[in-house]
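Input: structures, listed below.
Consider the two complexes below, in which subunit A is the common component and subunit B and subunit C are the respective partners.
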Partner chain A sequence: MKSINSIDNFLRLPPFEIDENRKSNLFSAMMWKAYTFHYNNCPEFQLYCQKQHITPDKPAPALPQYPYLPVNIFKKHKLISVPENKIKNLLSSSATSGNVSTIYIDALTAKRQMLASSSITAAYLGNHRRPFLILDEDPLLSRSKNISARSAATRGILMFSDSEDYFIKNTTRGLVLDKNKLLRQLEVYENSREEICIFGFTYILYNYAIKFLKEKNITFNLSDKTKVVHIGGWKKLEREQISRKSFLNEIEMTLGIPKNNVLDFYGFTEQMGLVYINSGDSPKTVPLYAEIIIRDFQTLESVEEGKAGLIQILTPLPYSYPGISVLTDDVGRIIREGKDREGRWGTKFEIIGRAKKSEARGCGDIMSESMGKES
Partner chain B sequence: MISEDKLHKDIYDIISGQFLIPKENITAVLGPGDLDNWDSIGHLQLVRKLEQHFNVSFTVPDVMSFDTVKDIYDTIKKLLA
Partner chain C sequence: MPIFLIEPDHSTLQNNSWHITPEIISSFPIINNYSAEINRLKKNTNSLLDVSVEERLDFFDALTENWISNPSNILNKYASLGISFLIPFLKRSNLCRLVKSALYGNIAFLDTFVEMTELGKKIMAHPRGLITHWLAGNIPMLGMISLVQGIISKNSNVVKLPLENGLVLPSLFADVNHFVSGFNSEKSHLWKNILESVLFVYCEKENMEGQKMLSKHSDVRVAWGGKSAVEQVLSLPKKHTADDLIFGPRSSFAVIGRNSLDIKNLENIALKLALDTSMFDQQACSSPHTVLVEKGGQVSPYDFAQALAAGMQKACRRIPKQPVSADEAYTVVNTRSEYSFSGEVFSSQGTEWTVIYSEEKGLADPCYSRVVFVRPIDDINEVVPLVNQNHQTLGLLLDDRRKVSFAKKITAKGVDRITDLGKMNLYDYPWDGVFPISRFIRWVSMD
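And now, the complex of A and B:
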């Protein structure tokens, strides 16, 4: 491997072809570059890091020693590492609690996000573009500077599409499925045997399409190259007691495609561009551009493989804001390192769910202790 | 076979129409992010228009490699060769 000196060149490397040993030094070097940049360009981040005694004049720390920003910090603080006139878009998280994270995106960060997400996704979908059936609204209808996480995710996946059909309309009665259009298009692609992708947010895909087909006892036998991509997590479906196993079974039953063709995408607004994908019931694989650490709910120390805790993700990707090390309020566990059954290198992990308020001691405390004052 | 001049003119016409800028403002090094409306959506709309006009299909790496107008020109030229 030739010498990689810049984060932008690093993000052009293939996401799953470099083993852990070769990744380790490279990733550490890129993280230290990113850390030094944000330390020098974001005063709030610098203050936060100084309090933790990790400064660029010292040797680079081991990954678990990097200061991490609790994900909630982006709801309360405006964190920017570039001149404000360079900001092109404001990315907002979906808000279940009322408060939204706002992430400030410049052209370089947007470019890096697109590069990373398309390379990672291509490792699962391939490099060719195909028709997409989308269980959502058309994101091209909105060109606001403020982009919701849902819209951003849909825009990102459109890189893999050469034509789209949308089946959901947002009406005064809420989201409405165009059932006739969905049935018509599924029949077209069942007959043509064309390789397509069905895309939607997990909850919407299930509740508006799969459940409808199942209840009406309608089944299709789509091409076995058809992929189902879903994103957004399991929280709502778990409340309705739909297990991942029954979700996969019902997709297999109604659409006639193998479970391994169902791809579950995990990512979060604060590190948009990085996606963690698993097919069927396999674990997720961390791409070259990121690393995962699991932290104990109470002590926030990093825990060993197999133990559940809060998910922290490190990545040198963000340029316009200092989201390079973020402690989420999602709970997960590292399964193992090494290759998966398709030969992808990277740490394997699973998402268990969202931390209960009683579990997540850390986030509020870290913020008040480390940022000093709120902006 | 389309001539290089015609290819150049057509690409500049399409970019001018997509992003509503005069052709004189388009240069070989112009690219995504240089114009407010050349964002991810604008990029996809441009890709579709180019595919339709030149009757070509881009792969995902093609679309990702379009850092400048010159990249677009080179890729289409290669696909039409």
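And now, the complex of A and C:
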């Protein structure tokens, strides 16, 4: 248990204040502790690792040498590293098909997820609370099947809210945006100059709110401390040929919010708790608690800065399941290492897209399919 | 949305890409009057009706001789696109056998009336008229199979190119033109005219008016490709006299009997199967995805999987793997990981090749990208219920005593071809249950 406690201490360190050299040794040590724990406690993971000849009786490998589990493995195998009676919660990924990842969460993992998620988010939003305008259904009133997965995705960020207003209604025509309510609330906050946070899935935020304001020529001048937080990926907007640049420009134009206050969150169920955020048009920064490796499509080797490949994320965070080294079906590239313009340390990267045929699994994708045309 | 004309030249090749991109499409000339274009094509073709089949075979033979004697050019240029598969197909001896087998043993039927003693009359094979070939992008050279048979049978040919690898055949034809122009012989003019019986076009899938136009003019519709592609062609209106030749989605597998494999031939057999698997990176309908190995022989199914892995490594040196997409790479890694829990995975470091041994029953879902599944079976007859009409080729290694009986059962269920290992991807005939050339002709008789 001592080794696990030290991972918990590690997760209490600030996410972006430790430089790469210091992080490197610390992170490697934590990864090896986590690896050894899961190797010894999850028989399936042990078998998997043995076949790749990475065993705890050997010296710790370099990060690119850690075995990795593709995210799809969690759809087909029940992978648990603690006694089953310790499992408190099952996390399911959203998916358009019947195949969902199931992640087995115990109390310690849940605590770690919350700790990591809040530290990372606070580094971008600040520690104070503010009103949240949420472009989703109220989970308490919802009849949607997929609301639990969406709630899980948003739960972490609501720690930063002191009140929540929801603007999506479930009607016989599907989910619709309550435009009148949204306009009323935006007007209230424009007048009060109060700092707020507007939160939504990228496609919903753009297609049902920003586009509407733009088409109706309605503009607001919200407090310049207001943040827009969006999650769920760019796939659908890219299909509609909306570039990131025009997305940011239109938010600035309609809401009066500086581009750098628009925060794009990336994360996935298989490593819930870790979020990768970028503000405006800057790249995403990997927090202390994780490291990114980009794998070449042909050689599967880790590639150098600037080259595209499949995104692998390592983290010692998961305790109840062996999701410490996961290969995603997202394609990305590392931009650089070092500090960003706000002084955050960590590897910078960008997401280019998703491996072409892999199923759309984001909450936003599914929610947008359910959206009706008019409120 | 128009139908575009694609001239067989190299000018359309941009950034060494074989794909038809939106930028390239905008540079293609538009066919304003498709009917007039078809009339012109038919006129060209009809002016060549007196060019004998022998002459046509000579042309293709001379072409392959030229390519083989100048290997640095054509063979390198199209190495990854299946040129090594095309050359033996185009050789005179092969084409002559092909035509003969489809024409009751006499190729002269295509040139004139020939006495058919059994019928007590003379018969002749006329071309059907216009063949439209809807090609698939996965194996660009495959379209040559139907196109060459269309040319030999004296038909006019429209080739509707796919987006993926759509520029391969126009480029290849540009090279053929180059060969013809440089050929110092009186035949040069004649051969040049033969090429004038082919028209390359591009028409977007969504352009239903264009697709209907292509279909309505066709006397034979040949469709290569996946389910949705061939179904779209079949749904188009056509002449009531038109015939269809569908080369739709099929998959293939191999079976090895217990008495057919021993330590001595293991390496050789494994290499042959590895080459079958590696050619076309398993994109061909004749590529094997699963190998069922009968237990109880000198070599166990597991040992065969190991030997096959060594063969795959050798085959990879002989037939370099084409780069894979992000999706293909992820699928390969995911499949390997999945079977690491329930089987044994042998693979290259990268995504080049994978052999997966598991004791599951049945045929695996194809993963492509040179991923081959080895599964044990207790008895060869277990294979029969697994087969249906979606299965095209069976690579078979089995003792003669059981071979015919097994072949009868397996072909009755749907398999069209049974070949030796190492020959699964060699185009032969019948293919997909038909002799294509026999569908490109119309028999006429005279007392």
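Note that in this section the second predicted complex is superposed on the first by the 337 of 375 C-alpha atoms of A that agree within 3 Å, B and C clash if a C-alpha of one lies under 4 Å from a C-alpha of the other, contacts with A are read in each partner's own complex, and residues count from 1 in each chain.
FYI, a contact is a pair of C-beta atoms (placed from the backbone, for glycine too) under 8 Å apart; a residue touches a chain by one contact, two chains touch by 3 or more.
Predicted, not measured: the structure shown is a model, and the values here were computed from it.
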Next on the checklist: After the superposition on A, what does A:R155 contact: first (subunit B), second (subunit C), both or neither?
Outcome noted: first
Item to check | Touching partner for A:M114 - first (subunit B), second (subunit C), both, neither | outcome: first
Checklist entry - After lining up the shared chain so the two structures overlap, which partner does A:L237 touch, if you call subunit B first and subunit C second: first, second, both or neither? => result neither
Next on the checklist: With both complexes superposed on chain A, which partner does A:L263 reach: first (subunit B), second (subunit C), both or neither?
Outcome noted: neither
Next on the checklist: Between subunit C and subunit B, which one touches more residues of subunit A when both complexes sit on the common chain A?
Outcome noted: C
Next on the checklist: Output check: A:T299 vs subunit B and subunit C. Expected answer is one of first, second, both, neither. What do you get?
Outcome noted: second
Checklist entry - Along subunit B, where are the residues that touch subunit A in the complex? => result 32-34, 36-37, 39-41, 44-45, 51, 57-61, 63-64
Item to check | subunit C to subunit A touching residues, read off their complex | outcome: 321, 323-331, 333-334, 337-338, 340-341, 345, 349-352
Next on the checklist: Which residues of subunit A touch subunit C once you look at their complex with the stated criterion?
Outcome noted: 44, 47-48, 51, 69-70, 72-73, 76-77, 295-301, 308-310, 327, 329, 331, 353-358
Checklist outcome for this item: Per the touch rule, the subunit A residues reaching subunit B in their complex are 88-89, 107-108, 110-111, 114-115, 118-119, 122, 127-129, 139-140, 143, 155-156, 158-160, 162
